[in-house]
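Heads up: the structure comes next, in structure tokens.
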Amino acid sequence: MTTTYTEHVTIRTERRYEIRDITELVEKARAAADLWDGVVLVSTMHITSSIFVNDHESGLWQDIMTWLEGLAPSGLDYKHHLTGEDNADAHLKRMVLGHQVLVPVTEGRLDLGPWERVHYGEFDGMRPKRILLKAFGLKKNG
Amino acid sequence: MTTTYTEHVTIRTERRYEIRDITELVEKARAAADLWDGVVLVSTMHITSSIFVNDHESGLWQDIMTWLEGLAPSGLDYKHHLTGEDNADAHLKRMVLGHQVLVPVTEGRLDLGPWERVHYGEFDGMRPKRILLKAFGLKKNG
Amino acid sequence: MTTTYTEHVTIRTERRYEIRDITELVEKARAAADLWDGVVLVSTMHITSSIFVNDHESGLWQDIMTWLEGLAPSGLDYKHHLTGEDNADAHLKRMVLGHQVLVPVTEGRLDLGPWERVHYGEFDGMRPKRILLKAFGLKKNG
């Protein structure tokens, strides 16, 4: 049986720049969908944050933030700031990491490699942001 | 009822480097598919352009182009140019932004955040390029 | 008829940094799934490699590697290396290119543009790595 399941989860980071492991949210959506084979789309609904897959390792998380600050520094005279905003760097950083991933589901489990974890990357935080999770595919007795 | 719908749209920018909001194309494909719940895959069929989600704001669009030119400058002595091409920078720029997105559809609407808009990024334009739109999922009385 | 098909393919590059065209693996999975309309998800299961779509051109492949080394150099004092690892650059490089793509399938064929080829990008190779291929959609007499 073909099934779909959608959830919108609100997240609020404590810092402006923050990385958080959200793999458990993905598994929770998979379980709520009772999905046996398919995918879970995980997509941030905001244009200053990212969804990406990488290692759950706090040193690497720091490396990622330092690296992104080098590639797309905050505080420059961006054209976008003429609108009154000050977060152009966040719009750019989020594109390096991407804004969505598909997590495959096989035989009722997230079909991830041993070190793959799904992360939320925030570059303009300390306010509510939403993540969309949409599971679709087949249930067990499909 | 499981449904799929595919469209190939041709686009021709007036400038070599250009960003264009194509969200209406996505909604048009969703409506043609009569999709109630699922996703629309939006994917450029060319390797010198991008599909990405970000803000519809012309200042930011300029920032993106300036930023990409810094990360992957045009006019360098790329190996790719030994083939007679002069667009290696376009091949690189397009990878920073990505070449496809999935737009979620929930209850018959594009399930986008308030500022999310789907964009086409062109880095070697002034000639016809194709974008693939494939909507799949469930119709209302699925 | 809605169908899904999943394959895990092991790849082992000869060099630490290597790009390989894997489009044939994708077509093989499509054929095994007997997929008429849908998508094939191609996703690396490792966090130091990429899946991306670009030109099959060895000069460009060299340009990509040189470019990525400039954006995310190896051999720096990354925090991640305090864990004993030496591959932080691979974790960063893989994010620029991305770790998965969806290959659309229309009328029983990979619906790719004339120059689009699916590639595996390895940044910490010479050991077995797995790629997940999941085809889903409709069979011909769906």
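Residue numbering begins at 1 within each chain, and the chains themselves are lettered A, B and C in the order written.
What we mean here is this: a contact is a pair of C-beta atoms (placed from the backbone, for glycine too) under 8 Å apart; a residue touches a chain by one contact, two chains touch by 3 or more.
Since this is a predicted model, take the numbers as computed values, not measurements.
Here the C-alpha atoms of subunit A line up with those of subunit B after a rotation of 120°, rounded in steps of 5. Between subunit B and subunit C, two chains of identical sequence, the interface residue sets overlap only in part, with shared numbers making up under half of the total. In terms of their C-alpha centroids, the spacing between subunit B and subunit C amounts to 20 Å.
The multi-chain contact residues of subunit B, meaning those touching 2 or more other chains, are 2, 71, 96, 98, 102. On the subunit A side of its complex with subunit B, the touching residues are 2, 4, 6, 41, 43-47, 71-72, 78-83, 88, 91-92, 94-96, 98-100, 102, 130, 132, 134, 136.
Here subunit B touches subunit A in the complex through residues 2, 37-39, 52-55, 57-60, 62-64, 67, 71, 96-98, 101-102, 104, 106, 111-113, 115-116, 137-138, 142, going by the rule given at the top.
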